[in-house]
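A single structure is presented below for examination.
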Amino acid sequence: MLMALNERLPATPNVGRPAPAGSPVPAAEITFDVRNLSVFYGANEAVKGATLQINARGVTAIIGPSGCGKSTFLRMLNRMHELTPGARHTGAILLKGEDLYARDVDATLVRRRVGMVFQKSNPFPTMSIEDNVLAGLRLNGLRDRAFLQQRLEEALRAAALWDEVKDRLKRPGTSLSGGQQQRLCIARALAPEPEVLLMDEPCSALDPIATAKIEELIQQLRERYTVVIVTHNMQQASRVSDRTAFFYLGRLVEYASTRDIFTSPSDPQTESYVSGRFG
Amino acid sequence: MQTLRRHDRYRKFKSAGMSVLTVVCALIVVLPLGLVLAHLVREGIGAINWAFVTQLPKPVGEVGGGMANAIVGTFTLLGIAMTVGAPVGLLGGIYLSEYGAERLNVWIRFGADILNGVPSIVWGMAAYALVVVPMKGFSAWSGGLALGFIMIPLVLRTTEEVLVLVPNAYREAALALGLPRWKIVTHIVLRTGLTGVVTGVLLALGRVAGETAPLLFTAFGNRFWSHHLSEPIAALPLQIFTYAISPYDDWHRQAWAGALVLVFLAFLFSTGVRLFFADRKKSPAS
Amino acid sequence: MTSSTAVAGASRLRLVPPSRFADRAFYGITLLSALAVAALFILVAWLLYRGAHLSIAKFGWNFLVTSKWDPVSEEFGAWPFIYGTVVSSLIALLIAVPLSIGAAIFLTDLAPLRLRQPLVSLIEMLAAVPSVIWGLWGVFVMVPWLRDHAFPLLKEYLGFLPLFQGPIYGVSMLAGGIVIAIMILPIVTSISREILRAVPDLQREAAYALGATRWEVTRIAVLSYARRGLLGAVVLGLGRAVGETMAVTMVIGNRPEVAKSLFAPGYTLASVIANEFTEATTDIYLNALFELGLVLMGVTILVNFLAFVLIRTTETPGSRRA
């Protein structure tokens, strides 16, 4: 059940506040406003009462041990979780002030604004590189050839793939290496110019060199996009993100600037996790 | 080590014997294929000539002529059958794979499997009652419809089986792009499983191409060319049957020839299709 | 040109708004198509019933047990055809089932891997041969051979049984059964093979570990585990046998009589419909044929239903072998 949006939420230290505890962040700069979100698979509560705000632009990492609810949380941000049978939630998520789950909101439209890249790269097997990148545009009705070409190059450049594939755009998407395929998926997700890019453990199936390339890419993306990345690799989180949220057993334990989380975490559980004592 | 007791030697012997028996079984199972192909080739190859493929049957008792109208007729009927059977079967298979609730799906699958077991002559009777009686005559429409009925549950099952194998990762990726559900099904899922789906349709076509019984009182057969689809139409299996049970030697000879053509078609549509598409699937598009 | 619109929203891209109608319409037509299965059942049953109503009204349940089939006096009974269908199918099963299961065992456990796919393809080819071609071969090759060689032998050695007495024509119940057997071999073999493949390796390994011979492993660990599924395969073969039309018509002799001898001609439900449908001059004649069709359809639906219940409740997920 949706809460009335004017209900006051309890103030919790280090949650929902950007690290410099000075002037409050102006509302327009907040991309995601998550309020007391609980997510269920049937009777199983995967996320328990999470409240946080994700700012526009920059990279937010979500870390935690397996099964802590981070992927579930991520998939709530682009309305992918609801595709699982038995999925339900309480609480609210606002995207730029609009309730994501309001009755008249079309999930398809939400997903056009919030893109996603998955753990294992999944370029469409019957399509060329070009068709893959433009799939989100073409299949949504865009026909303007010139515009499509422009977006194709922009998206591939943004994904740091243009130089490698510009001469073989007609080759099948699956003819690329694993790391390149993942960057292709990133280009595909970026082509429709989403406001947000969600990444669900994007490097876990890749070798270190490919991983490094993608981490570099993420650093470039943070200038223009709001990136939320789920990762079980703490070092990766500390490398690429500005802010980090630590989930444990479904609870949002701590959410602060990455520097603070890794050097001076407030919560003892956070400290145990980031110093490798468990997980 | 002890030498084997006599009982154990017996057990080993028995096991070897049973193994040999299974080999014999396997050989006997494929034996009829060899027998029938041998005869088809021997009796039929002589009668297949250009005249056979291009001419109409000669009047009763006269030697010569061909089965041109039957060959064309078979393809005509297959065309009608495909327009009836393929879309319904395809869309139904899509439902089972992409939308269906499991409880309903179990029943639909069951129903399709049972329909697949209904004798083809029953479909002929249904088409007779549905089309021949109101039209007051035999026609290609009724024959094609009967064959189309047979195709529906076949195509439904093969389509479902193929689409279910398309990995969910692609559906997820397409969903995350904000594509509407129906576009995902048609442009992503169906496209990915296309070879398998087409194989299924071709296999079903091959199966109905050889059917005679449903055509006996729908298409009925024709000694001449059919000029309208509302006329009776010749078909290869029908012609073979008519000639085979006739008293004329020349017709018997032509029946063998026709059978050779028919079995070639049947193999083309089944084994040929399977081999061709299996190859395509394995080699990556370069 | 770098776009500064990244955070501004997709509305700038002039994408087509998603149409709820298109989604719903597509869902609707796929659902309707799937329900076509149910519609076909109802349609066929209704059409046959309507076509048979005169005969049903006139003869009632007696139809099933009356032996007389006389178009002239308009007396019709289904019994000779039911008898013919049952007997020819049983003969077919007796011949085909042991062969098929034997071949299936060979294919799953014994055959060298290189041999498996070619054999499977051969069996697929066997299944692809149309019924009328079996009939053609049956009438010109098999029947004369039976008449001149096999039947006299049977009569000589087994003639003390009433099954193998009486005049030999060639076309006969036994010929019908044999040709049906050939045609159901592929399906019984391939389903049996699927069933046997689904038996988990663990079962086999346990038996081997106890020192069983190969055959004992097959008998104890595989066949008994797969018993139910194999029964399903057999029943499926029966369903197929009952419906075979063309090849049977050409070799069974087409005489509506109940005879003890297998050498005597017979007639099956499907054959009589095939032969006499276009000759049926009176309404009651045609109705009687439709009623036979109803019986035929009823029998095949029941048999197939039973078969799939047996097969579906047997197949276990688990280690499948190549």
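Should a chain be cited, it is by its letter among A, B and C, assigned in written order, with residues numbered from 1 in that chain.
In the analysis below, a contact is a pair of C-beta atoms (placed from the backbone, for glycine too) under 8 Å apart; a residue touches a chain by one contact, two chains touch by 3 or more.
All figures in this text were calculated on a predicted structure; none of them were measured in a lab.
Comparing the chain pairs B-C and A-B, the larger number of C-beta pairs in contact belongs to B-C.
Closest to the middle of the protein, by Cα centroid, lies chain B. Centre to centre, using the average C-alpha position, chain A and chain C are separated by 55 Å. Spacing of chain B relative to chain C, judged by their CA centroids, is 15 angstrom. Averaged C-alpha coordinates put the centre of chain A at 50 Å from the centre of chain B. Along chain B, residues 178, 180 each make contact with two or more other chains.
The residues of chain C that reach two or more other chains are 10, 18, listed in rising order. Contact of a single residue of chain A with at least two other chains is seen at positions 108-109, 112-113, 140, 192. For chain B in complex with chain C, the touching residues are 11-12, 14-15, 17-19, 21-26, 28-30, 32-33, 35-36, 39-40, 43, 87-96, 98-100, 108, 110-115, 117-123, 125-126, 128-130, 149, 152-153, 156, 178, 180-182, 185-186, 206-207, 209-213, 216-217, 220, 237, 240-241, 244-245, 252, 255-256, 259, 262-263, 266-267, 269-271, 274. Those residues of chain C whose C-beta lies close enough to touch chain A in the complex are 1-10, 12-18, 20.
For chain A in complex with chain B, the touching residues are 78, 80, 83, 108-113, 115-116, 118, 120, 122-126, 135-136, 139-140, 172, 174-175, 185, 188-189, 192. The part of chain B that touches chain A in the complex is made up of residues 167, 169-170, 172-180, 183, 187-188, 191-192, 194, 284-286. Considering their complex, residues 56-57, 106, 108-109, 112-113, 137, 140-142, 150, 154, 192-195, 224-226 of chain A touch chain C.
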